[in-house]
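The first chain written gets the first letter, and so on, giving A, B and C; residue counts start at 1 in each chain.
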Amino acid sequence: MTMTQQSINESSAAALGARDVVKARRKASRQRFTTSFRQNKSGLLGLTILLVFIAVAIGAFFIPASSLDVTQVTADPFLPPSLQWPLGTDDSGRSVLLLVAKGAQISLLVGFAATMLSMFIGTTVGIVSGHYRGLTGGVLDRVTDWFLVIPYLPLAIVLATVLGRSLLNIIVVIGVTSWPGTARLIRAQTLSVTARPYLERSKALGAGNLHQMWKHVLPNVMPLVLANTTLAVSISILSETTLSFLGLGDPTAISWGSILEQGFAAGAISQGAWWFLAAPGVCVVLTVLAFNLIGRATEDILDPRQETA
Amino acid sequence: MRTVSRRARIVSITGAASVLAAVLLPGVAQADSASPSPSAARSVFTIGVLQDMDSANPFTGITSAAYEVFQMEYPTLVEYGAKDFAPVPGIADSWSESADHSSWTFKIHPGLKWSDGQPMTAKDVAYTYNRIINGKYEQTNFGSYVTAITKAEAPDDLTVILHTKTPSPIVPHPGVYIIPEHIWKSIDEKAVVSFKNEGTPDAPSVAGGPYYMIERKVGQFIRMQANPNFWRGKPAVDEIDFRLFKNGDAMAEALKKGEIDFAEGLETNVYNSLKNQPNITTLASAPASFDELAFNTGAALDDGTAIGDGNPLLKDKNLRAALSYAIDKQAMVDKILGGDGIPADTIMPPRYTQWHVTPTTPMTYDPAKAKELLDAAGYKVGADGIRTDAKGNRLSFRLLGRTDSSTSQKAVQFIKGYLAAVGVEANIKMVGEDNLTEIIGQGNYDMFEWGWGVEPDPNYMLNVFTCANRSYKQDGAILANVSDSFYCNPAYDALNAKQQVETDVAKRQAITAEMMQMLYNDAPYIITYYYDGHEAYRSDRFTNLVNQPDKDGPLTFQWGTWTYEQMKPVTAADAGASNNSSGGSSIPWLPILGGLIVAGGAGFLLARRRPANAASDDRE
Amino acid sequence: MALLTDTPARTPSAAGGGWANPSIRYAIKRTGAALSTFLFVLIFNFFLFRILPGDPVALYTRGRNVDPESIRALEAKLHRPIGQQFVEYIKNPFTGNGPSVKYNESVWDVIGPSLWPTLLLVGTATIIATIIGVWLGIRSGWNRGERFDVVSTNTTLVLYSMPEFWFGMIMLIVFAVGIGPIPGMFPTGGLSDPGVDTSSPAGWVNVAWHLVLPVTTLAVIYLAEYSLIMRASIIEERGQDYVQTARAKGLMDKMVRRDHAVPNALLPTMTLVFLNLGFVVGGAITIEYVYSIHGLGSLTVDALQGPDVPLLQALFLLFSGAVIFANLVADLLYGYFDPRVRT
């Protein structure tokens, strides 16, 4: 959507009613996006992997609780993969396959939820700091700068330590530590949107700040937010894995990170129980890769000029 | 009873493949200047450990590694024998109680020397005891051993008299480490608080035990050198190093590769991976420790003031007892310990045959019975499958596990599963052990999973359940004591008072058995299992290691330094040599031991280890 | 992971029209920004831990034999007005929070010996990752779309998706413990064998041998990032008019690449290397934990348990300070080499 297009659309819209035009325009752009995405091989690959994992996560609701209850499983611990136990068993005799499937739920949940939080903070801060150029914008900009520079993992560790270990807290920790990148991106975009003539006009017509941001800026930065979201989910999932591995996750929830922690603590390395560590790790890699592929494809389509390597 | 603390600490690390205090490592900084030239004659025995000593000052350090080093450095009047923990002479050759029970007299071995060549006499002993009796900071680690003693005096270099205010069988106890007066007299009551007491290559620690410290790098290693002046003779191994590892896996690999000679406190899975490895001998020693599911039986201060936010339902002993039937202890032994343990009942592990009690009506796994008892006690299953009491309060409890221990992380999962099966909900929360101590002390819990290392005498463990040892208030703050279930039963306390002054073993056994049975029935704890200690060493390199007690006791981290004194490096021409003891083991201590076992209650040593605010440290 | 989300933000923002020497103005501005960030971290670090529940005295005395007198002294210290405590803390941010709870020593005494292993690990890994990453990036960027490019880009993308500690564990199982026909030839952890004199050449070899696996792990993960950014820069430079012109003039492809494109494209990559140190440090935390290396990372994991708040605070401050400093260096370098940002 270049500026010329916009202006043309805006001016010819008078007869039809601006709202419908906007709707139609957005619908068209959605269709364009879908068509282009279908042609993007790696994007489709990513999407396929992701759908598989989502299916697994949903399927995991049907795993009987007894098969993950340490008091009710009967298999020997540390069994290597076999027909009966496709991914072997853990140190309590639970099926690693089922564990990993169950882990998909928490890992994806934390990944999405933390990303939502991060996107919400990042987009809000980005738009507000881009829109208000005075003190408010300056302060927010500065705060973004600060959080951008503070090393991520030490910050997350410190926050997780202070907040305590629970599912909600790990979401908060990841969300709170990963927003500044988004804020920066959105701020830049907001600045360019705000400079567009139609926004000037809307301002002149007496639209309030909130109206401007909500009705004009937000829809325009949204595609960028979405593209950024897919990449951010991959980072959130990696973060969840790392924090859980360090024992900062919810100790009662099964996630890929917590399975890795459990395996490391249970001596899977000296037992040579590679399946116990390999399975959750491969899941993490595939999911993160899927989100990265989708994110890159989205970026390519939305902003074809930019060569995202 | 430092021993409780020592054992306890070992326990904590066995499970902790997750992070622990200390960090491994050879380290970049590994002693260069200090490294002795590796002449063929010099033998070094390297022990891998998972937890560091917290301080080399015996008045400050509390971890098991710290105690291991202290007992290598400092002699005691009496020691626990290697065979069966019976008391044997330390630097005192003999001891006796005065006829009127007002004092104990010890005869010190003549001609003793500290590692720096200064004479070690009765004066050092009297100095140490008096310093603790009159000290404040010095009381924290050792005060409990001297509660009955009013004064120590040394009429001559070979005689020490300890004056007591009440008759007490616990005076000849191996608990007090004798320190050299000529060193410590310059460290006053203020300086002792921050005194590090770390030996360096240029200024090694001054010791009277078999080894003295020549170097310590926090979080990396501790180096101990054989003491040529040790009174039982210089040990055969020239140097003993403790090397810290971050996790059991790394330690096991180091042992396989010969980077270390001994691995201590191994977790079951890691231990199993060392079985049947060439040149490595593994040892699962008979349990001296247990883990338990503990309840908040009604948290209160020692004066009875209620504290904390524990669920009041757990005050009902019928409920607690019913839950005892819900736990499958055998399955926990099999699945969590890999079979290296035994299902537990009462607080003294069976290793201590004299004191162990088998309950009259064992509450073994029987979920049907548990449900029956719960129904009978008025806890009916609610709509959501969770039981409620008559008023509709759900049997839903918080269950605290320890992040520091992978066995604890597993155990809470099992407990949760077993309780759920009988309609009781457990909400797991994991906290660090240090944190847990704090939470327990304030009474802010319902249930937790933890354990104890148990020393040969039952006194300490029995004291954990007295009314007086509940938390207390000082300067407005609530401080933890040793009681962590807040069990308070006047009948129990009365029996405890009796056992503490009973010098006749058989009579005391009868009393303690009654107390243990009482605890079992009232179930402030459901003791889940006694677990084996796991050790492994390079039998191709060292031989003559000593079990304490004999046959199935541990080889290191004992109550004493028997292995360090008697083991030898394996030499090329080793064949016949192993029959002749050399070095430190040349003294025929076994016969001496036999001859000197003290009769009656004098042999059974008890003491409370430490004042209340230190309670936390006694936990594993 | 900085690359995908943060890169746009990382470019130093352009300063307004200047009245003084723009270089100096720029330098002052960046330094000021770095200082303000550090100040923020200082304040944040202080107040964050004040919101921890529980009596701070209990926090500091946990699990320790402390006589009543010391407790009172500690109470007197910790129950002072927060303003007074803050002043104390600002005077000495590292040790102002008291000694390490776990080690019962000044935090500097605890941190000191751990500094070198981390520097050695992170430094070596960064250098190796940079060299290989840049080389890969140049090759695939210049020959965009060719087989080499496709393979290396896809590989780096997968590496980029890996948790570094997991990769480390897999390396451990395969090359240190040994799996199937592969013998466990590398050490399982640590930085040297016990008793090895690390100041001798034999000791260096020993340390290098111990470093192989952890350095490879870290380097492989980060070279992915560096090669991606280098590739992107090369592609951009290649599209520039001057390169096209040079090639049109018949200059040898190799020379154009070496003399024009690469030097220009190197700048963003080198900047990223510095900016990325914060993430490498994060990676070092888990890698040191997995490989039992007694560095700052392991220390952080230790400090988590308990938690050892004074130690954790000091480490957080140290990590943040180091990264802020590295960022400043990157900004200044960027400003020096690319005058455009100064205007």
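Following the convention adopted for this analysis, contacts are C-beta pairs under 8 Å (C-beta built on N, C-alpha and C of every residue); 3 or more make two chains touch, one makes a residue touch a chain.
Note that this is a predicted model, so its numbers are computed, not measured.
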| item | value |
| --- | --- |
| Comparison of A-B and A-C (more C-beta pairs in contact) | A-C |
| Chain whose mean Cα position lies farthest from chain C | B |
| Distance from chain C to chain B - Cα centre to Cα centre, in angstrom | 42 |
| Between chain C and chain A, distance of the C-alpha-averaged centres to the nearest whole Å | 23 |
| Between chain A and chain B, centroid-to-centroid distance (C-alpha), Å | 49 |
| Residue list for chain A, restricted to those that touch at least two other chains | 247, 264, 269-270, 272 |
| Per-residue multi-chain contacts in chain B, two or more chains | 18-19, 247, 249, 253, 403 |
| Set of chain C residues in contact with two or more other chains | 177, 188, 289, 301, 304, 307 |
| Residue ranges of chain B touching chain C (in the complex, touch as defined) | 18-30, 32, 35, 38, 44, 46, 52, 54-55, 60, 62, 136-137, 139-141, 193, 217-221, 241, 243, 245-247, 249-250, 253-254, 257, 259-260, 403-404, 432-435, 437-438, 474-475, 477, 610, 613-614, 616-617 |
| List of chain A residues in touch with chain C within their complex | 142, 144-146, 148-155, 157-159, 161-162, 180-182, 184-185, 188, 228, 231-232, 234-235, 238, 241-242, 245-248, 257, 260, 264, 269-270, 272, 274, 277-278, 281, 284-286, 288-289, 292-293, 295, 307-309 |
| For the chain C and chain A complex, residues of the former touching the latter | 1-2, 4-6, 8-9, 33-34, 36-37, 40-41, 45, 48-49, 51-52, 153, 157-158, 160-163, 165-167, 169-170, 172-173, 177, 179, 188, 228-229, 231-232, 235-236, 278-279, 281-283, 285-286, 289-290, 300-301, 304, 307, 312-313, 315-316, 319-320, 323-324, 327 |
| Chain A - residues contacting chain B, complex | 69-72, 77-78, 91-93, 165, 247, 251-252, 261-262, 264-272 |
| Residues of chain B that touch chain A when the two form their complex | 17-19, 247-249, 252-253, 267, 269-270, 272-273, 328, 331, 335-336, 338, 401, 403, 406, 409-410, 413-414, 417-418, 421, 428-430 |
